[in-house]
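These are the structures, in structure tokens.
Across the two complexes that follow, chain A remains constant while its partner is chain B and subsequently chain C.
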Partner chain A sequence: MHKAKQESTHLTMFILGGVVLYFLSGMVDELRVYQGATIAVYVIAISSIILLTGYSGQVSLGHGALMAVGAYAAAVLRIEFNLPIILCFVVAVLAAAIGGALLGAAAARLSGPYLAGTTLALAIGLPSLANQFEVLGGEQGLLFDVGFPPLALGEEFTQYKWFFWIAALAALISMWVVRNLLNSAYGRAWKAGRGNEVAAQLTGINTARSKVLAFTISAGIAGLAGALLAMTIGTVSPSAFPLSLSFAVLTGAVLAGITTLGGVILGAVVLVIIPELADVIAHRLGAAESVTINLPGLIVSGLLILTVLFVPNGPVEQHRARKAKHSALLGGTHKKMQ
Partner chain B sequence: MQLLNTLLIGVTAGSIYALMAIAFVLVWRSTRVINFAQAGMALLSTYFGYEAVSRIGSFWVALPVAMIGGALFAALVELILMRLLVKHASSGPIAGVAPIIATLGLLGVIRSVISMIWGGQDLRIVAPISNDGFTINGSTLVFSPLKLLVLVVVAVLLLLLTILFQKTNLGLALRASAHAPEIARLSGVKVDSVRTLGWALAGAAGAVAGLFQTVNGNGNFSPDSIEFSLLLVSGFIAAVIGGLDSLLGAVIGGLFLGITISFVLMYVSSGLFFIAPFIILLLVLFIRPQGIIGVKAGRRA
Partner chain C sequence: MKALNRRKLITASAVLAIVGLASTAIPAQAAEVGVSSTQIKLGMTLPMTGTASLGYNKIPGAAKAYFDYLNANGGINGRKVTLIVKDDRYVPTEAVSKTNELILKDKVMALLAPLGTANVKAVASSVNPARRGVPVLFVNTGFSGFADVKKYPTTYAVLPSYIMEAKIMGEYIKENFAGKKIGLLYQDDDFGTDALAGFKAAGTKFAVTVPYASGSQNAAAAAGWITKFKAAEADVVILFGVSSATSAMLGVAAQLKYAPQWMLGSVGGDATTIKLTGVPAGVLYNAIGFSPVPATTDMKDEYVKFFSDIYAKAVPGSPFDLNVLLGMNTAFMTAQALKAAGINPTRKSLLEAIDSKGATFANSALVPAGYSKTSHVGLTGYWVGKYSPTGDLAPIGGTYVTYTTDSGSGPVVKSTYKRPAMPAKGLPN
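So, the complex of A and B:
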């Protein structure tokens, strides 16, 4: 009963959010619309990390590479067969999911730092493969053109707005899928395996299979984010998927609170806002150019360390826990809420 | 001749990977953490070395300066970051991934600060001796005086480390703290200080790896050098091949990796430069997950 009520509030919130976004995207300038699209892409990528690391307890430093797999798959199909854009995105998900399943099969035997190192090696190695096959376009990469917005949306409707709507819709759908997965038996199995693998096995969970599944799904979502990122940039090239992209997505997930989906938008917004904020700060201080360029990286990395040390579950979860504790005390019960 | 060349290139590169792997192993043994900032620290030490070279003009001064700078910085990281980490993030749902994320954050901080101080452009350290190949019977080897120097210095450092670990009381304390910290503490070993020392030694080893990786390449380096990402990955893989817990294993792992990559690039395809380490790592993990020397049954950390 309580749960059904919660579900419907979320649905209303999604719709309300969509309406607000619709009017906002008409009011703000092009740059903001573009940033909105980037935020939507990050939301998708971060939710894939939350599923993988926060729930199933596996660290991936190679999600940038999986995003590249999705982006290249979409771009190649678009160029070679001129498939409709929606099909390109579906294929991006499938291609990255297959890559994730292979990687996950290896990953299920590894844990902690071994998995992190392996995925790191992948993140450095995979983009360079683009230079090996002519169909992938080498260093220059491939064009990825999703086409003009449909005329039915009116002549005022700009290209960036079109990007934003595609990305925002994809983000809403993936959030909905991930949320339901995390609340399902799969999500509970992932959490159980993360907490205590042996105990989870004793309750009948096949933890190895469960881990591979988490990797596969997470990779598929990352593939979608990669294809969307390529859409906003307009091209797919090795340099669009550097190691720093993998780190940025992981950072966003940690800042959002890696064990909950609740802060995912916060994480994505922070990733987009910090460069602007840093720019303002640096100009205010009259800092040198080398400082201005590198201030965002410093702030993001510093925040990453501070979050891990002091709010490991993320600000959103921290706030919720504190509120729950507070209301439990007010309610007169002295039972400790966990 | 080509075979010999390939082997010699592999051994030189491998000895640099071995140094980096030793840095990983020293940190792993002292705090059970894989330090993903190790390459960032090596890069920072290389900048220390660069400052020494440009002021005093001698590579032979730069090497110890980089080593001492790297050691001090690593000790500082252990004293501040690692101790905070143990205090605040050793329980809870993300305790397992917290050290990984914290060292990645550190990597980001180091790179940003380096770029702020020295800028993003390429800097250059000139090798102290020639990197032109030796000539034997009229044909020129790829193996050069510089590469010979790298091998000799790495061998000397390994010898010193072995003496430290096997023949001194300090080495006994280092080994005891790694294998049985509680018993070591009961026997009067200051385990915390020994941990810091382990990090410092790792910082020094990484500094040499960073300097040699730079001069063994084209001498150029920058905060975004792909060379240092490769050094991170290669050192990690070499350490994993060696079983993560053994210094000897790290050396064998480094040489194995260097020689294998060198042969793959020569006889399969030079385009596999970046992906070859990943494939080798996967093969090692599938065929012999405990590493060459490791004795543990699984790769659980």
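So, the complex of A and C:
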């Protein structure tokens, strides 16, 4: 009964979030709407890492490659068969999930640096495979056009607002799915396996299967993020999925707090806002070009180091833990006084 | 309690997002975006950091050096030209977001010299400068498609296409190496596909062709390529790849004392970049090379002398190479386009000026540009030269022999183009 109530609260909150975003998109200028769409894409990508690394305990340095799989699947279907855009996104999820299942089957036998190395190789190698097949458009890539917004939305409705709506809706749905998955028996099994694999096996959890499942689902979500990323830039090409994308998503996850979904928006906002913030700071200070160019990297690296040193589980988790401790302490004092 | 905390978290995150999204105010609109009574704002995105930035990161400094000179001499009808440069790291996602910043936040009048085919395509599709009426001047890529007025109505190419280059190479081979065995090293993607199409149009027959995947070029791979060219007994070897492929090949060839007649494509043929990787200058000696603009060491050329003087003062100690020359040449053409766009230039009048007068804009190139209402093709050919003992490309026998052609099935002809004299003081007239 309590669980059902909690579920409905979550659903209400996500719907409320959607309504807020809907009104927000009408209040800000076009650049902010575009950045909002990018934030939504990062939210999805980061939540896929949190599921995989934070909960299932598997490291992936190659999520950029899985995003590329989703993006290419969606673009090829759109170009070759002119499928409705929603179907393209569904297939993007499925294609990346299949890729993830294959990778996960291999990954289940690997851990630590070996798994990191394998996924790293994937991030470097996979996107450039597109150069080998004509249907994938080579280095120049393929166009990925989701089409104009429906006329019913009015002539003033910009393309970027349309991207934002699609990406924000996808982000809300995927966060809701991930949230519920993590709170389900699967989520508990992943956590148990991450904590102590032998103990988890003793309780009857098939940890190998559980890990493959985590990889598959995480890859599917990454595929969706990839297809949405391709939507925001209108094209798919190998250079859109560089190694730095995999690292950026992982950085966002660490900044967000890798073991909690709560900070995922924070991680995504940091990734999108920092470069612009750095630009503003550099110009205020009248800094040299070399400083302007390297400042975003410096700020993100600094934040990453500070996060790992002071809030290793992310600021949100830290805040939650402190509050829990505080209220436990208060509860204790209260009891003593009685 | 737990639910309450979560709600607070979501509220906090939402507030953060709102603050982030709404933190910048929108400046007031002038008569034309990016044009005020005192300045004209232009924007550029290109790789300033990362592996792809080598050499190209000198382009903004070169363009700014010319604009500073122009501004010091009265600007364009009293307006100073300001260039805002953003680093896209050669990643399309970055190119799109930085271009959005340039157009929507910095409010530039036009985009200048963006680099890389995938990036320019992504920007054309997502940012859609054509729909916004934003001119995209003189893109730094040899992809022939950007000359298509129907597909990219506000975009202008400047470099000759890869197809043109291959066709001209094919013609040169027909004239000078008939009956010789020809080998070709090319990149196994669209860059190479365009090259193959050009050679096919020129009727060039190869004894051996060696493709390489982008990113795979290194010394070990180069040793493998040499084995293949040796086995086919190639007399002439064409290197139609990027600088790193040319450098790897020439470096290993020097060690193995393998010395066929080299022919270098312009993309990977910049001597300064090749020599920076440690390839001895002597290996380049007598290799054949191609360029649309004069030799960078040709101080008798009025443009080279003028540009190198300005650059030496603006960026002391930085070598004057092909990237610098092309960057300054682009800025030079831009200045003329802005001047031709009228006393109060608008985006529309700028586009019209290039369409009607672009083919006659003075610039350093030794081949004509093909701008018109129906085509945005840039420079249309190359001169053929040989590398000197110091490894610098120079015209054979001291005279520039230029060829022109198109990206289709048109013939390759020796050009009779006579470059107009440089305007007085290098300022647009």
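Everything that follows uses one rule, which is that the second predicted complex is superposed on the first by the 323 of 338 C-alpha atoms of A that agree within 3 Å, B and C clash if a C-alpha of one lies under 4 Å from a C-alpha of the other, contacts with A are read in each partner's own complex, and residues count from 1 in each chain.
Note that in this section contacts are C-beta pairs under 8 Å (C-beta built on N, C-alpha and C of every residue); 3 or more make two chains touch, one makes a residue touch a chain.
Here the structure is a predicted model, which is why all the values come from computation and not from measurement.
Engineer: Quick one: chain B and chain C on chain A, clash or fit?
Structural biologist: clash
Engineer: A:Leu143 contacts which: chain B (first), chain C (second), both, neither?
Structural biologist: second
Engineer: For A:Gln132 in the superposed arrangement: first (chain B), second (chain C), both or neither?
Structural biologist: After superposing on A, A:Gln132 lies in contact with both chain B and chain C.
Engineer: So, A:Gly36: does it touch chain B (first), chain C (second), both, or neither?
Structural biologist: Once the two structures are laid over each other on A, A:Gly36 reaches chain C alone.
Engineer: Can A:Leu24 be said to touch chain B (first), chain C (second), both, or neither?
Structural biologist: A:Leu24 contacts chain C only, not chain B.
Engineer: Tell me the contact category for A:Thr53 with respect to chain B and chain C: first, second, both or neither.
Structural biologist: Only chain B is touched by A:Thr53; chain C is not.
Engineer: Just checking: does A:Asn294 make contact with chain B only, chain C only, both, or neither of them? Give me first, second, both or neither.
Structural biologist: A:Asn294 sits against chain B and chain C alike.
Engineer: Per the contact definition in the header, classify A:Leu122: touching chain B only (first), chain C only (second), both, or neither.
Structural biologist: So A:Leu122 only meets chain B here.
Engineer: Give one of first, second, both or neither to describe whether A:Asn82 is in contact with chain B, with chain C, with both, or with none.
Structural biologist: Neither partner.
Engineer: Just one of 114-122, 276-284, 348-356 or 384-392 in chain C runs into chain B once the structures are overlaid; which is it?
Structural biologist: 276-284
Engineer: Which residues form the common part of the chain A surface touched by chain B and by chain C?
Structural biologist: In chain A, residues 128, 131-132, 293-294 are touched by chain B and also by chain C.
Engineer: Within the complex, which stretch of chain A touches chain B?
Structural biologist: 53-54, 57, 59, 61, 106, 109-114, 116-118, 120-122, 124-129, 131-132, 194-195, 243, 247, 250-251, 254, 258-259, 290-291, 293-295, 297-298, 300-302, 304-305, 308-310, 312-313
Engineer: Enumerate the contact residues on chain A facing chain C in the complex.
Structural biologist: Within the complex, chain A touches chain C at residues 6, 9, 13, 17, 20, 24, 27-32, 34-36, 38-39, 128, 131-132, 138-141, 143-145, 159, 229, 232-235, 237-240, 242, 244-245, 262-263, 265-266, 269, 272-273, 276, 279, 289, 293-294, 316, 320, 323, 327.
Engineer: Can you list the residues on chain C that touch chain A in the complex?
Structural biologist: Chain C reaches chain A through residues 1, 3, 5-7, 9-10, 13-14, 16-18, 20-22, 24, 26, 48-49, 60, 85, 87, 89-93, 96-97, 100-101, 104-105, 116-119, 121-122, 124-126, 128, 143, 188-191, 193, 213-215.
Engineer: Considering the complex alone, what residue numbers of chain B touch chain A?
Structural biologist: My answer: residues 33-34, 36, 81, 84-85, 88-89, 92-102, 104-109, 111-113, 115-117, 119-120, 226, 229-230, 232-233, 236-237, 240, 269, 271, 273-278, 281-282, 285-286, 289, 298-301.
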